[in-house]
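Each chain gets a letter, A, B, C and D, in the order it is written, and its residues are counted from 1.
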Amino acid sequence: MKTKELASFADAVRDIPDGASIAFAGFGPVGVPYNLLNALAEQGAKNLTCVANTTGGAGQPRMPDIGRLVEQGQVRKVICSFTAATRASDQLPFTKYYESGEVEAELVPQGTLAERLRAAGAGIPAFYTPAAVGTELAEGRETRSFGGRDYLLEHALPVDYAFLRAWRADAFGNLLFRRSQRNFNPVMAMAARITIVEVEEDILPIGGIDPDEVHTAGIFVHRLVRIPPAPAGIWQPGPREVRR
Amino acid sequence: MSGTKGLSRQQIADRLAFEFQDGWIVNLGVGMPTLCSNTDIGDTQIIYHSENGVIGYGPLAEPGKEDPHLVNAGGQNVTLRPGAAIVHHADSFAIIRSGKIDVTVLGAYEVACNGDFANWKMAGAKGGGIGGAMDLAACAKRVFVIMEHTTRSGGPRLIARCNIPVTARGVVTRVATNLGLFEPLGEAFLMHEIAPGITVEEVRAQTGAEVRVPDRLPTFRLAR
Amino acid sequence: MKTKELASFADAVRDIPDGASIAFAGFGPVGVPYNLLNALAEQGAKNLTCVANTTGGAGQPRMPDIGRLVEQGQVRKVICSFTAATRASDQLPFTKYYESGEVEAELVPQGTLAERLRAAGAGIPAFYTPAAVGTELAEGRETRSFGGRDYLLEHALPVDYAFLRAWRADAFGNLLFRRSQRNFNPVMAMAARITIVEVEEDILPIGGIDPDEVHTAGIFVHRLVRIPPAPAGIWQPGPREVRR
Amino acid sequence: MSGTKGLSRQQIADRLAFEFQDGWIVNLGVGMPTLCSNTDIGDTQIIYHSENGVIGYGPLAEPGKEDPHLVNAGGQNVTLRPGAAIVHHADSFAIIRSGKIDVTVLGAYEVACNGDFANWKMAGAKGGGIGGAMDLAACAKRVFVIMEHTTRSGGPRLIARCNIPVTARGVVTRVATNLGLFEPLGEAFLMHEIAPGITVEEVRAQTGAEVRVPDRLPTFRLAR
């Protein structure tokens, strides 16, 4: 097997064309592929469809996230479970572009978002879910009763690329995530044609992870880049770096 | 809540936490609901589930001992209890949708006496923040709401019908506010307990739906 | 947390009523809960619906499997991906009861079977799949086109009980499977109201498995029984016992 | 196949394995298809996937070195190659259904020139053995069939339309038999290669559909 490790984040995102759909893993600051996001902002692809839990943070200093891609005019549409901040007082970078109509948004319940990605990776074109029944999100859409309860039809959400952040990887692309870093990473890898991963530790030789412990199998992974130490590499914000 | 009559935010959260039963799987929403995990509920063993795939988390990490790879739904650095397990997001919501969450405690802008509630979109807003609330509200065995009884301008949050877009319909079974503990009955709220120093008339004046009161109205429970 | 470990297989299956639906894990001889199957055969519950990959083996010596439950008159219906042997020359114990009409069968493609169990454990009442479109199994059933391709509607398959076999467990029920032992075990645990597990190694104290390595979380598991050494315990047939 | 003209079972399997490309994910059905993993294909790296959740298995285990926890789809004790990973059954079929299998090689009772094939149920049988064949046949990028050209009684297996219940419709792109290598074209089979010592007339006599033959018909390839 050939290694999937590349030398730089720029190499890993170079071929991403205008109009691509990209899923970005992460929940809160954990598991967000900040280095790949940064490289994409520098690469400059436009007219992107971005799939993620949120459009990014309101905090300072600003981390590279979808909000930054939006500010740079790279984004056509977002598909997220948050298109506004959880606190009314926070103003996301994304919000003004959305309100002005410059960027489209599709707001999706978080479990539906995860399941639509999983469905794309599982060859399931559509499924039924109880989430959002009776709400504004269900208006004009197909609902159907099973066993006396109403469900909403939801469609698979395949993407061209997935950007992941993993704790450990072997050179074939088998991945391990640490604690809540796992979040959307595995289902986004399943949903994508091309999966690109930033990795926190040195990439292990092929077979360096026990087959029983693999979280995402290497067949779902196409490109790996090791995150260099700061300041060249971007590490997640947090109270302190705990690495082992 | 300092400066207002009634209850502190922690006391409101405590009251709902006293309902938790041994072995329950509990999901706490962002904000006031997270206070429920501070409550002293003695030997009662709760399994806290967080939508980002953490099963069995414990108290917040002590300052300086945070693991940056581990947060709860609110982005707080938590700890893991013995027996914890991690799953990915689709499996985490599989747990939610399949009805394995015994109770979810959520914040809200509005709760209606028919059990509807709204917590994801402000009046007139274009965007919203759903997160996991719609999945949780539609699928948890019980939905408890914790909230201030009125808006900042004094308008009612417990009302006859929601004015803003709902999160789920007919699901709320308990509402704890700074004025008392309530149950949506359909056409009215039943007040189960009232905050110390508050009168029924004050509650009714600040509620946008009928409030029914039992013959004997206990004071809001402040301890197990 | 209280331990979920019970002293005997008889204790673990004592309450199973007539008419229960039970999913049995295993693929080939690996991961089959032979000890729990044996206890159920001794317990004698009748009118059962049995969900598994196959109805059991044709080989001798006969292992406790669904075929044995069928021979004992305990089974009303099976839901399997095999209701006949893969070789025309093999005759399964199940076959004559099926052909005579004494036992019903629902034949399901293996991937559909796994996904229907997973759907039950994921709160998805129904989904669409491309498997079996255009075949006898699709006759009279709902098909629907998505993106120009036809798919078949399939329903979730919840069960009352799941019988599993794991390699390691902690006392809360967090499970590890070894190699291809994993097979149907995790999705059957998700699909069941009550999950009962026979465990190959000594049951670990709660927390004895790293949270990142758990294959099936303890919230899905209700009863554990440690398999005693042979001859009291039934071990899978194989070229030899490799245990560590 | 000893005693008959044409090709050995291993030679038939080899011919299909020569089509495997570097990096392909390959799923081999039970029986003759498993012989494909014995073929010498040089440096070509194949990832063998087994429906029971094994990604990256290798040769059969040596006698005495079997791991009883590890079998392939046919129940054989296999080994793992470096980089292997294990998933559960639903994730294994997620890989299949989402089109990540580059080729599946399956056995069959019948293949029709319209690409239909049948391998799960005998004529007149009440039960059947589907296993993972319907998922694989409907979803793999390519479906190759390996089979004996005729039944034991000499009847054709390559036919115009299947007589017994099909596994999937219009999916087969290559059929290798002891008489040659064929491609279902719609209304006929195209013979790409012919077994040594066999004549076109013999093939046509044993085939239940039209067999088209190119101007220059190569002999069945026996080595890479």
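Operating definition for what follows: contacts are C-beta pairs under 8 Å (C-beta built on N, C-alpha and C of every residue); 3 or more make two chains touch, one makes a residue touch a chain.
The shown structure was predicted, so the numbers you read here are calculated from the model rather than taken from an experiment.
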Intersection of contact partners for subunit C and subunit D | A
Pair of chains joined by more contacts [C-beta pairs], B-C or A-B = A-B
The distance between the C-alpha centres of subunit B and subunit C, rounded to whole Å, is 38
Taking each chain's centre as its mean C-alpha position, how far apart are subunit B and subunit D in Å?
-> 57
What whole-number Å value describes the gap between the mean CA coordinates of subunit A and subunit B?
-> 29
Within subunit C, the set of residues that touch 2 or more other chains is 115, 118, 122-124, 129-130, 177-179, 182, 211-212, 215
Which residue numbers or ranges of subunit D touch two or more of the other chains?
-> 80, 86-87, 90, 93, 96-97, 139
What graph shape do the protein chains here make by touch: line, ring, star, complete or other?
-> other
Pairs of chains in contact here are A-B, A-C, A-D, B-C, C-D
Subunit B partner, complex, touching residues on subunit C are 1, 118, 120-124, 170, 172, 174, 190, 205-207, 211-212, 214, 217-219
Contact residues on subunit A for subunit B in the complex?
-> 27-30, 53, 81-86, 88, 95, 98-99, 105, 107-112, 114-115, 117-118, 129-137, 167, 177-187, 215, 236, 238-242
For subunit D, which residues count as touching subunit A in their complex?
-> 25, 45, 47, 49, 55-56, 80-87, 90, 93-100, 139
List of subunit A residues in touch with subunit C within their complex = 115, 119, 122-130, 144, 146-147, 149, 151, 155, 176-179, 182, 211-213, 215
Mind pulling up the subunit D residues that touch subunit C in the complex?
-> 30-31, 50-54, 63-64, 66-71, 75, 77, 80, 86-90, 92-93, 96-97, 121-122, 125-135, 138-139, 165-169
